[in-house]
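Have a look at this one before I ask anything.
Each chain carries a letter (A, B, C and D) given by its place in the written order, and its residues are counted from 1.
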Amino acid sequence: MSGQTRPVRVLRNLNAKIAAVPMILTTLVVFVGGTIWTVIYSFTNSKLLPKLQWVGTAQYERLWNNDLWNAAIHNLLFFGVMSMVFTIGIGFLLAVLMDQKIRFEDTFRTIMLYPFALSFIVTGLVWQWILDPGMGLQEVVRRMGWESFSFDPLHDPDTVLYGLLIAGLWQGTGFTMCLMLAGLRGIDEDIWKAARVDGIPRWKTYIFVVIPMMRPVFITTLVLVAAGIIKLYDLVVAQTNGNPGNASQMPAMYVYRYMFTAQNLGQGFAASTMMLLSVLIVLIPWAYLEFGGKKRG
Amino acid sequence: MTHSIQVKDLKLDFGSVSVLKNLNLDVAEGEFIVLLGPSGCGKSTLLNCLAGLLDITDGEIWIKNKNVTWSEPSDRGIGMVFQSYALYPQMTVRGNLSFGLKNAKVPKDEIDRRIARASEILQIQPLLDRKPAALSGGQRQRVAIGRALVRDVDVFLFDEPLSNLDAKLRAELRVEIKRLHSRLNNTMIYVTHDQIEALTLADRIAIMRGGIIQQLAAPQEIYNRPVNLFVAGFIGSPAMNFLKGATVDNGRAIQVGDVKLDLAGYDGGQPTDRPQAILGLRPEHLTIQDHAEAGHTIPALVELDEPMGADALVWLQVMGQQVSVRVPFERRPVKGAQVHLKVDISKASIFDATTELRV
Amino acid sequence: MADTVTPRGKRPQSRFTTNNIVLYGILGVMSIYYLLPLYVMVMTSLKDMVEIRVGNIFAPPVEVTFQPWIKAWSQACTGLNCDGLSRGFWNSVMITVPSVIISIIVASVNGYALVNWKFKGSEVFFTILIFGSFIPYQIMLYPIVIILRELGIYGTLSGLILVHTIFGMPILTLLFRNYFSSLPEELFKAARVDGAGFWGIYFQIMLPMSMPIFVVALILQITGIWNDFLFGVVFTKPEIYPMTVQLNNIVNSVQGVKEYNVNMAATMLTGLVPLIVYFVSGKLFVRGIAAGAVKG
Amino acid sequence: MKTFKLAALLATVAVPTASFATDLEVTHWWTSGGEAAAVAELAKAFDASGDKWIDGAIAGGGDTARPVMISRITGGDPMGATQFNHGQQALELVQAGLMLDLTDVAEANKWKEVINPPSLLDSCTVDGKIYCAPLNIHSPEWLWLNNKVYTDLGLPVPANWNEFVASAAQVEAAGKIPLALGRQPWQSNLAFGALTIGVGGLDLWKSINVDKNMDAAGGADMLKVFQAAADARKLAAKSTVQDWNQATNMVITGEAAGQIMGDWAQGEFQVAGKVAGTDYTCLPGMGLNAYISTGGDAFYFPVTGDAEKEAAQKRLAALLVSPAVQVAFNLKKGSLPIRGDIDMSTANDCMKKGLEILASGNIVPAGDQVWSPDVQTQLGDLQGQFWSGDMSAEDAQAAYVEILKSSM
């Protein structure tokens, strides 16, 4: 290329742009295109097949008047907050324990990580079974002599989300622990020396020095965990299927149910749009902080 | 003399931030230019622009009388050495040296010849089959220099090449780079924040601040006649002393506190009267004596001294302002003594306090 | 990279300090929590139905039988097909191998381009991509069906590979981007001065340095794609249904009573590939994550 | 068109024609024991005619299978034939021109004359053309009882729902669950539908569901039905299984005394080797009103654009309605045949009861035929919530009326 004339902007680093084509197409066609398509059809009364018969915001009005949807949103919020707090909390705690120069670190790590290799469907089934009052944990404890022992979280509307949580944490905390452990090991050894010289207790060092330093790790973990929570579907379907009543319904299940079982695409799309909107509300401030503020110099 | 590098009206913006502002630079062939400045001054950015690693916003860059403004880095006839060495960790030293040549499709025997020559110059023959991880810092930087050397180019770009080395190695390699320059005699652009490197290596130093070259001149010129307060304060260690005052008597004298100093012999012509002037005095251009000389001395109170081996730096109080003076160790005055400082006005600089320019 | 994963912290002085008892106590209890389901699965899969009905789920089998495993692998029925999971195993391999390879190649190139070859708007695309990782798959089913139909690859293996590549892209690109941005930028600059282009730098400089993160990506993708049910069942047809579809059919098609032992055996057979991957490469996984995947 | 008609005619007349051998992929969600045995009959008959049945069973019920089917049809990679329930599930696919017109097959085989009740064919008809082959009739309003549970307690086996409720306390006292109920919403909805006909009576059911009389839906008679359901849910409180056949299995094993389930439950009893009348009792219309509603399954044949496939699709359509297949299939499935002109003498007690009611004409359309899937889903959600929670009968009725109104 001649060095004298400024190259056409688009052609500069052409190879890099060609290489980014799959990403650009994916984002534009699938994520942006699919989202816009979904939003457009959420204003129609499409049933089994998408049709452009406008009904204004009727689908949304129906959505927000629907007990099931409201229950699903409520459940997701509750489960999401609990899951986020416990996944990150337990993950961090385990990582701290694993970081104490323990013996058999490899063994412990494998034990904690292997559930992540299993699908949510499997996780849901196994835990449904272990928590089954008739033959699971409750029954076993009763047979050992504690007749009045009662542990049946999945069939009580007030506790079913905790039952899901037990399974969700089982599957996900190992991975979080690995992320956190990686973060802990990325921290400069000098920090520990400095803290010891200053006579700061270890737990204080963790809370006031180490955790702030691990901000990027926490953010990555948060993104991964949050993405998983919003998509939560397989686990619930396999473990409780939304029962008892609506006590463990999730928005993704509502979407799927109305799109395919009820054959009311418009309603499903309206629910999808609300979910996407809530994702945007969370993500836009994050993206702004992440990319908006800093520039390379 | 032919131009080796010409930078014409170079501008670089990152978004709304202007990093380089209308920058011009002419470098003669074989010249050793050091870009010096505090961090964030744009010196490394300028080097990256010369290398073609950053796309500029406006202006032109010419290397060897060729407009290379938009050429690929590898087509500009430059070699570059980085602060972190940037050796490819998975390749041996030989692989590192030959990578660029292979990309340029240089014939095999030519590659071998050039590697042999470069490794002889840099004395790295025994290291050729090692991986970078097995080398010491100094060895790594030699290899990094070798990578520029084998490219057989006219211009070498150094981006703080010695900053990661300890003081002793740094001094050794500094001499080696100087030797290399005198042997190869090609153009070198060298970015550093270390003024010793700048003063020892450069034919000319470009002092930068805020994306602007403040002064481009030979080291002695910069040392003795700094163009403004910033350059004056930045160059020289220990730093230049500044005393607030005013030029009086039609510029024939400078009033500092209640002392008036005669400006006869000032290198810079007759300054006009300025109510706000700053007198710049380097510590080595002051002498301590116990008697006053009207128009040539300032009274001072000795506060403390810093022994520096052969010399000592004496800190004194001059009319409420701090002044340091370099004296031979054995001639340092006692603490608390009332002394007089003799000013060598021919080596002093006077700055306008508002424009900060030397007068 | 190995030096980044050595444990930190004070080494406990003796084996029986209070600290140590608490430390190993907590780890032990947690290990029981993690191991319990696996234990139950294994034990149940080795019992016959009679024993399951009378015994408790935690008791080891009185009489070990491998019949459930055999049934799950080669005899369990879905509708009229009674060849168990075996039918889907090779399909899963055929789906997983190309999907994993292609999705990782695409995502690693993305990450590399995002870090080293920024262009106007590249961060915007990346942000949208991250947004994409939050979209529940169910929502995107319909648009994807339309896209695949328009491309004429609905119901084919290539269609499914494309879907896995698309939905694997957000998280993988994030991982690769984070990793590549943790590599020294000067290496990239040096290679450009040395005349290497986009692909030259990618293959000769970046790839050889990126094994840790490739291991992480490999593990995540093998697990994710192997375990996928939704895309496998919606975007393909019975001849190329993955193993999970058969698993679903076995677990959900109840012939009278639920055959828990067969279900558990089927579950473990299906999970075997990702489980082996984790057991074998768990150490590399942590190392890979430590080597830059989580640095923002 | 003429050549197609000819081909179809030929196909139906000369059944075993190996020269036509074509593979047809058939998707359905029949994967339980009795269901799979029934499907095997279809496959056997189709294979015997020289073609090949490629089985595409998707387990997990219609809710799991239908998205797959619809995606594949709209995605342009359709199967050869697919199951849907009678009613409106496939209506839009037909309207979009994605389904094969079977009118010529129907005419050639005189479907209009043989299919009974005729309402089944009406469900297949869109704009005067026929798009599906009805296969069987399922009536959901049955009460299934385990005789042994009652004889062990020294009680007579209940003859209707009221007696069942009356004896429930004794059953419960014996440590048994009176009523087995799977916890999927459609099962609660089904139980409620059965109670409506059983407790509320057929006229009430018809005025709400056929005449869409909302006053009746919100009226006092309907409230009684809701109260009956509220009582019933107490009887089912300890039943926590998900799938219908797990619930049926509780009745088979004597863990539970009874279950409200469609006639397809019979297939499970049969597979378990139980004999109707001796081991178990079936009460159509809950033993109160001997009416049944005529839901069921039909096969649709997506347009493939392949003449050879199309011919095979039409051969299969004709085959499904043919007398021999009807007998073989329905005996295994436990469902009623869609034609009255065949010999079902080998049917067991329960099925005979159904056949009698069918012959007497005491039939009503099924929920899928009178309400859209959207309404059915919402009703299911409501009943799912009602049966497993503590919602009051009044509140549930109000929500019920609201859902029905919203669809009109």
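In this section, contacts are C-beta pairs under 8 Å (C-beta built on N, C-alpha and C of every residue); 3 or more make two chains touch, one makes a residue touch a chain.
As the structure is a prediction and not an experimental result, all values here were calculated from the model.
Listed by label, the chains touching chain B and chain C alike are A.
Averaging Cα atoms per chain gives one point for each, and the point farthest from that of chain A is the centre of B. Counting C-beta pairs in contact, the chain pair with the highest total is A-C. If you average the Cα atoms of chain C and of chain D, the two centres end up 39 Å apart.
Separating the centre of chain B from that of chain D, both taken as means of CA atoms, is a distance of 89 Å. Computed from the mean C-alpha positions, the centre of chain A lies at a distance of 15 Å from the centre of chain C. Across the assembly, chain B contributes residues 72, 75 that each touch 2 or more other chains. Multi-chain contact residues, meaning those touching two or more other chains, occur in chain D at positions 67, 74. Each of the following residues of chain C touches two or more other chains: 141, 146, 248, 251.
Pairs of chains that satisfy the touch definition comprise A-B, A-C, A-D, B-C, C-D. Residue ranges on chain A touching chain C, taken from their complex, read 9, 12-13, 15-17, 19-20, 22-24, 26-27, 29-35, 37-38, 50, 94, 97-102, 105-106, 108-123, 125-127, 129-130, 135-136, 139-140, 143, 170, 174, 178-179, 181-187, 189, 192, 215-217, 219-221, 223-224, 226-227, 230-231, 233-234, 251-252, 255-256, 259, 265, 272, 275-276, 279-280, 283, 287, 290-291. Looking at the complex, you find that chain C touches chain B at residues 184, 186-187, 189-196, 200, 204-205, 208-209.
Listed in rising order, the residues of chain B touching chain C in the complex are 48, 51-53, 72-75, 78-80, 82-90, 99-100, 103-104, 147, 151, 159. For chain C in complex with chain A, the touching residues are 4-12, 23-24, 26-27, 30-31, 33-38, 40-41, 56-58, 106, 109-110, 112-114, 117, 119-120, 122-123, 125-144, 146-147, 165-166, 169, 171, 173-174, 178, 197-199, 223, 227-230, 244, 247-248, 251, 260, 263, 267, 270-271, 274-275, 277-279, 282-283, 285-286, 289-290, 293-296. Of all residues in chain B, only 14-15, 17, 19, 40, 45, 55, 66-72, 75-76 touch chain A in the complex they form.
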